[in-house]
Amino acid sequence: MQRIGVFVCHCGSNIAATVDVKKVVEMAALEPGVVHAEDYQYMCSEAGQAKIDAAIKEKNLTGIVVCSCSPRMHETTFRNAAKRAGLNPYMVEIANIREHCSWIHKNMEEATKKAVILARAAIAKVSLNTPLQQGESRVTKRALVIGGGIAGIQTALDIAEAGYEVDIVEKTPSIGGRMSQLDKTFPTLDCSACILTPKMVEASAHEKINIYTYSEVEKVSGFVGDFTVDIRKKARSVNMDKCTGCGVCQEKCPSKKTPNEFNRGLNTRSAIYTPFAQAIPNVPVIDREHCTKFKTGKCGVCAKVCQAGAIEYDQQDEIVTEKYGAIVVATGFDVIKLDQYDEYAYSQSPDVITSLELERIMNAAGPTKGHLERISDHKAPKNMVFIQCVGSRCADKRGKSYCSKICCMYTAKHAMLIRDKYPDVNVTVFYIDVRTPGKNFDEFYRRAVEEYGVNYIKGQVGKVAPQPNGQLLVQGVDLIDNKQILMEADMVVLAAAIEPNKDVRKIATMLTASIDTNNFLTEAHPKLRPVESPTAGVFLSGVCQGPKDIPETVAQAGAAAVKAIGLLAKDKLLTNPCTAKSDELLCNGCSTCANVCPYGAISYIDKEVNDHGIRETRHFAQVNSALCQGCGACTVACPSGAMDLQGFSNRQIIAEVDAICR
Amino acid sequence: MSIEKTNEFRPKIVAFCCNWCSYAGADLAGSSRLGYPADVKIIRVPCSCRVNPMFILRAFEKGADGVILCGCHPGDCHYTTGNYYARRRMTLLFSMLDYLGVENGRTRVEWVSAAEGVKFSTTMNEFVEKIHSLGKNVRLEDLRCRN
Amino acid sequence: MQELVTRAKELLADGTVVRVLGWKRGDLSYNPEPAYFNSQEELEQFVYDGFCGANLSKYMIEGSKKEGKTLVFLKPCDTYSFNQLIKEHRVDRDKAYIIGVGCRGKLDVEKIKAQGIKGIQNISGAGIEEDTDTLNIRTIYGDKTCTYGSAMLERCHVCKGKEHMIFDEEIGESKDTKDADRFAEIEKIEAMSPEEKFAFFQKELSKCIRCNACRNVCPACSCRKCVFDSNQFDSAQKANVDSFEEKMFHIIRAFHVAGRCTDCGECSRVCPQGIPLHLFNRKFIKDINELYGEYQAGADTESKGPLTSFTFEDAEPGIVVERR
Amino acid sequence: MMQSQKEKAELIREISGVNPSKCMKCGKCSASCPSFQEMDIKPHQFVSYVLHEDIDALLESKSLWKCLSCFACVERCPRDVKPGKLIDAARQMVIRQKGADYLSADEIPELLDPELPQQLLVSAFRRYRR
Amino acid sequence: MVYSYYPGCTLKTKAKDLDAYARACAKVLGFELEELENWQCCGGVYPLGSDEIATKLSSVRALAAAKEKGQDLVTVCAACHHVLKRVNDDMKNVEDIRFRANNYMELDEPYAGETKVLHFLEILRDRIGFAALKDKVVKPLTGRKIGAYYGCLLLRPSDRMQFDDPENPSIIEDFIRALGAEPVIYPYRNECCGGYISLKEKDMAKNQTDLIMESAAGMGAETLVTACPLCRYNLNQSRTQEKVPVVYFTELLAEALGVKAEAAETNAEAAADAKGNTKPEADTDKTEDMQEGGTQS
């Protein structure tokens, strides 16, 4: 018979205000096996843990139940407390009477009743607990960073600086990401390329960093400390070692009609291309979809002009398999498609553009060489209108429910830069709210208004109507003056919402990392573990986790790196002992369990057994506890009940069911 | 819209929640103070695929009026594939219960992610309401085991 | 039948096999039983006729443990079970010499009795070679007749076919006996109201005496120890107190064999209370076919079963309500 | 029956099925409205008035008779508030009171012209009269 | 293919041509429009109030009649289409309305939104296909610059109407292209013409249509095409200098399919009949409102 202690936490008033903790103690004490029951203000506090320690020692407890907050919060705390008192940490069960009880119920009587039942279930379960020992697994001292934007680069640099090998996998032909497309950055207006390029160079030159560009993660298996990842290196059609980056091929390529992704489709590029001048690696790729040689077999100009003989049309995709201890996701963002927002005439007029397109127009290396001009007729604009929150803060299906966070600031930046360089251009910004939390942010926005004379109008735009004269008639509202406004503009710039990169769902699925309804990766805890995924060994860097600007991204990238380093620094990891176990006397050896095991943790051996006096050789299942992650799929697949899950055994769960339905 | 009526049928409802998504979703419902009736009691399991039909029948045998299973959304299982197996198992089991004349509606599977506190709460409210409309589970209960 | 005996004797004689697994004459002409024959002499007791419904596959689990090869006679439908047992590593293919025997449908004495024929002493016309559609029944009240078809087991009316899925040699011809839709009964129940369904199963299952005959005969129920006999789920055999226990037992039994049951119909054949137990298994088969694609357990020895595979697009459990 | 402002606000919410607290006050409804100039209470204010339960002002507002029910505000509202439905609900409240029709039979003949389609009369009747 | 056809009151009076051309074209295109018996006026506008039941019943009757015949219900008039489609949507999705409407109606079998409501243009796009339509054109309208005028009824609210992109629709432009003409895109094609406001607030409606006309003319439209008699009426009231002629889409279609003359003839006969009759609306007017309105002719 177990000797069970029950500890009921008040959690200040969080629990005690709705649950009569004394009553819970009283009722729990009546349960079979319970030899000790008490309550305390804060069980997780040092004093609370000391009470647990004392009770275990004094009353020789063999199992404890803590009625408190979610086990996701403090299970480890109480397990460690038990361990210090000499009790096996797996002899601890938590009854979640906060998140699942006191916080959601208002009626004290009801909540108390429920808390008692939850306590009984936990007591019933712990009565059947058995001591478990954690195993050990190794840590591969190498990290993978998925995404080569500023988040990925910073994370990789920080991990590499700590002395660990890092691989960056970048989907496009060059690292640099969104930041490389930006002209200037807020709130200091320094040139984006000037601060990013040195980091790109540093990453590519770092002896611990290996960069796979034009590559994608194809498959992930394994678990924390021991991931195995297949990386598809897409055929570049250019030999990376031979290419000198002279650029002649791109000049001579006769097929120059492909929309230039880097310039957001505002101009075109050649079929063999590097996305931008400072690309790393400075080795072009052939876009096979648009290359005449690949489409028709005729051409081959690039191969002819390449002095280095680097063009290789017969290159094939290559799969590289690598092992990693930690994985950092830094897949970044894109702006949403605006074809659902045609009240702003985005698909009807080339002079209605997104802010990211404006970024390219204002960039010296962009499609207009940095001259502010209309795409339709290359005329310099006289009047520009910016519209905020296009697709952000939308409750409807076409937009995003969240605030994209960066738009207020970059719009102020754009407005300021335009007014600075072209003082005769009138700039009007339609806004709902101007949100500028951040160091020197509001000051920045105020400067745009006060020093640069940007006209901020509180109100939205209802329609942008392209006029016969080429002007854009903007119909908006000024909520302060309570007037509808009709103004002609030469260009309209839309602050389109940002959204996580489209590929992130695929990657999250491979990593079994959870993802929210907006496709942002979920953090392990929104406040306390913001850079970790709930999946052990997977960390989050940058906008893949939620909208953020460059300084925040860099800060999070560093934090993710530290978390990864903390993992890589360990030689061994303790494994979860709640693994499946097969009863050799019950096992039929039918292999049904092995068929559903996602980890290949089940194998079969033939061994002589003694089944109540019958000695015979049997074929039965064996679980490799280092591989088993404890999902329990096998336990249900097993018809004979031979396979059971330690810590969540059939009898334990049934005991909980019985206690709840009693 | 929670059902807080007294002096009437209070159903017993067992909710199996996977540790990674739905249990966390239930925690989020808690920390967001999104109420649902106290009739729902949650049992934590590592994955929806850990839930044996035996557990569900056992609950009914012991007097449960409804059993709901919550797991990660298909494609998002922490163990990659667990919820796919659970989905097939539960589909077949529910179909069998329906075939035996047990009111469908007493059993339910819902995919609730760690971020879906609201969904958890609305699902539980809906489910309790459904069980209320079905009334006491007389068809599957083992009278002998009732207190 | 003589051909089978002759061949068995040959195989015993030349040492190919050391024993024979077949059917032995019972105390009545309509109740032969499975038996091992270790010598040519013992084979004199061998019988194979319309009443040899017993599926011998499951006996090969024990047969596989014995020294040497066993000759086993399998009807076409039995071979599905045998394949399934191979897939589950329960029988050793190398320990079996399989003779696929012909089948013209198997008989059920209860079906004859149900026609009002009482006091049966002897039945002729059930032989495998006999080419007659009439059974002659000698009773204490005189001679009676009935058609072969009217005395056939339910499963033979929905026969899976004349092909043996696995064999070393085949002896004898088989006949087409299928004249009904396999899922018609299931559909009939599905169309009932919940109250009618419940009443129907309540009535059937209240007959259950938990004799475990269904479990013991079932080739898929081959666990060394059944969960209902172990303490794994705190469900060790209990006295029958109410209908729920029966339901639980039968639901779980059907669930455990779902995707593995070949629909051999032995459960219904052996039930002393005449409960149509195949209605459980066949419901799962029907659902599996409809939801996850046609699947016949035991058609091969490699394919993954429907409950150990999945697709991303699988139906949600809510489909149960939608389909109604 | 005298109704309090609160009850009237409740009634407007009920008839319209609109939850005005979803409004984030962006003004896109008023920016989209073709009748904006003619209205004394603007569409975005309409939402706010209901929220603040100032219903009598709405019932007296001439905006009720200027709204085209063209649904531009509904279509473009980022928060799915449907200001147009609120205006219609207020209009309903007015015309459901006896004798409060906005269009009387007497004034019809002079409004007609030979080309005027049936549809116009039917629609105007629906909008202006009980 | 046979469709149930709901012409609507205006197509029986002021917009007989819209109707006549539609029927003639359907014949050429190989489908049949079977006019519902005893249809009643849809009311012209969809009753927005969530408690409105009685005002929706005439639509429900038409919908249920089509269901009984097992046919999709086709309309040509944009207003009728709007009303029928939205009432149908209510019957399908709003339990309260479905319950109460069925209670009133006492049909043999309750109606729950089973009928599919189609606009004539949707048949052209989704059933026949504009490519196939193009093949049937015998007199392509080559060289003509035509602006589509959608108005609001066909498009909004888009989640209910599911007709086309509410801000950048293309169905009529594709239609114009199929007929061999050149579509002119102008920004006010989806802005309201003023609608029913033109009865009492004539200037307000004119402000709207002036804007639309100027925009269309400015962008080079030589003809405007519409599916709504009220839109056409309002557009014709515009005060703009250069008035762009407004035609119904069925007229253009009939012209391109080469059946305009014969359709016009039958239409003229019908019109003549109508003139001979002092109260042309009497046979179709089903509501009080209509009879009052009918005094004008």
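To keep things simple, chains are lettered A, B, C, D and E as they appear, and every chain counts its residues starting from 1.
Everything below uses one rule, namely that a contact is a pair of C-beta atoms (placed from the backbone, for glycine too) under 8 Å apart; a residue touches a chain by one contact, two chains touch by 3 or more.
Note that the structure is predicted; figures quoted are calculated from it, not measured.
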| item | value |
| --- | --- |
| Touching both chain C and chain D (chains) | A |
| Both-way neighbours, i.e. chains that touch chain E and touch chain D | A |
| Pair of chains joined by more contacts [C-beta pairs], A-B or A-C | A-B |
| Of all other chains, the one whose Cα centre sits farthest from chain E | C |
| For chain B paired with chain E, centre-to-centre distance based on mean C-alpha positions, whole Å | 50 |
| Chain B-chain D separation of Cα centroids, rounded to whole Å | 45 |
| Inter-chain centre distance, chain C versus chain E - centres from mean C-alpha coordinates, in Å | 67 |
| Of all residues in chain C, the ones touching two or more other chains | 227, 233, 307-308 |
| Multi-chain contact sites of chain A, meaning residues that touch two or more partners | 343, 463, 596, 637, 650, 654 |
| Two or more partner chains touched - positions in chain D | 72 |
| Those chain pairs that satisfy the touch definition | A-B, A-C, A-D, A-E, B-C, D-E |
| Parts of chain E lying in touch with chain A, wherever the complex brings them together | 159, 165, 167-168, 185, 187-188, 191, 215, 218-220 |
| Interfacial residue positions of chain A with respect to chain C in the complex | 585-592, 595-596, 604, 611, 616, 619, 637, 639-641, 644, 650-651, 654-655 |
| Complex contacts: residues of chain E adjacent to chain D | 8-10, 12-15, 41, 43-45, 47-51, 55, 77, 79, 152, 155-158, 166-167, 191-192, 194-201, 204, 208, 228-230, 232-233, 236, 281, 287, 289-290, 292-297 |
| Complex contacts: residues of chain C adjacent to chain A | 65, 88-90, 222-227, 230-234, 256-257, 304-305, 307-309 |
| Complex contacts: residues of chain D adjacent to chain A | 22, 24-33, 36-37, 42, 44-45, 72, 76-80 |
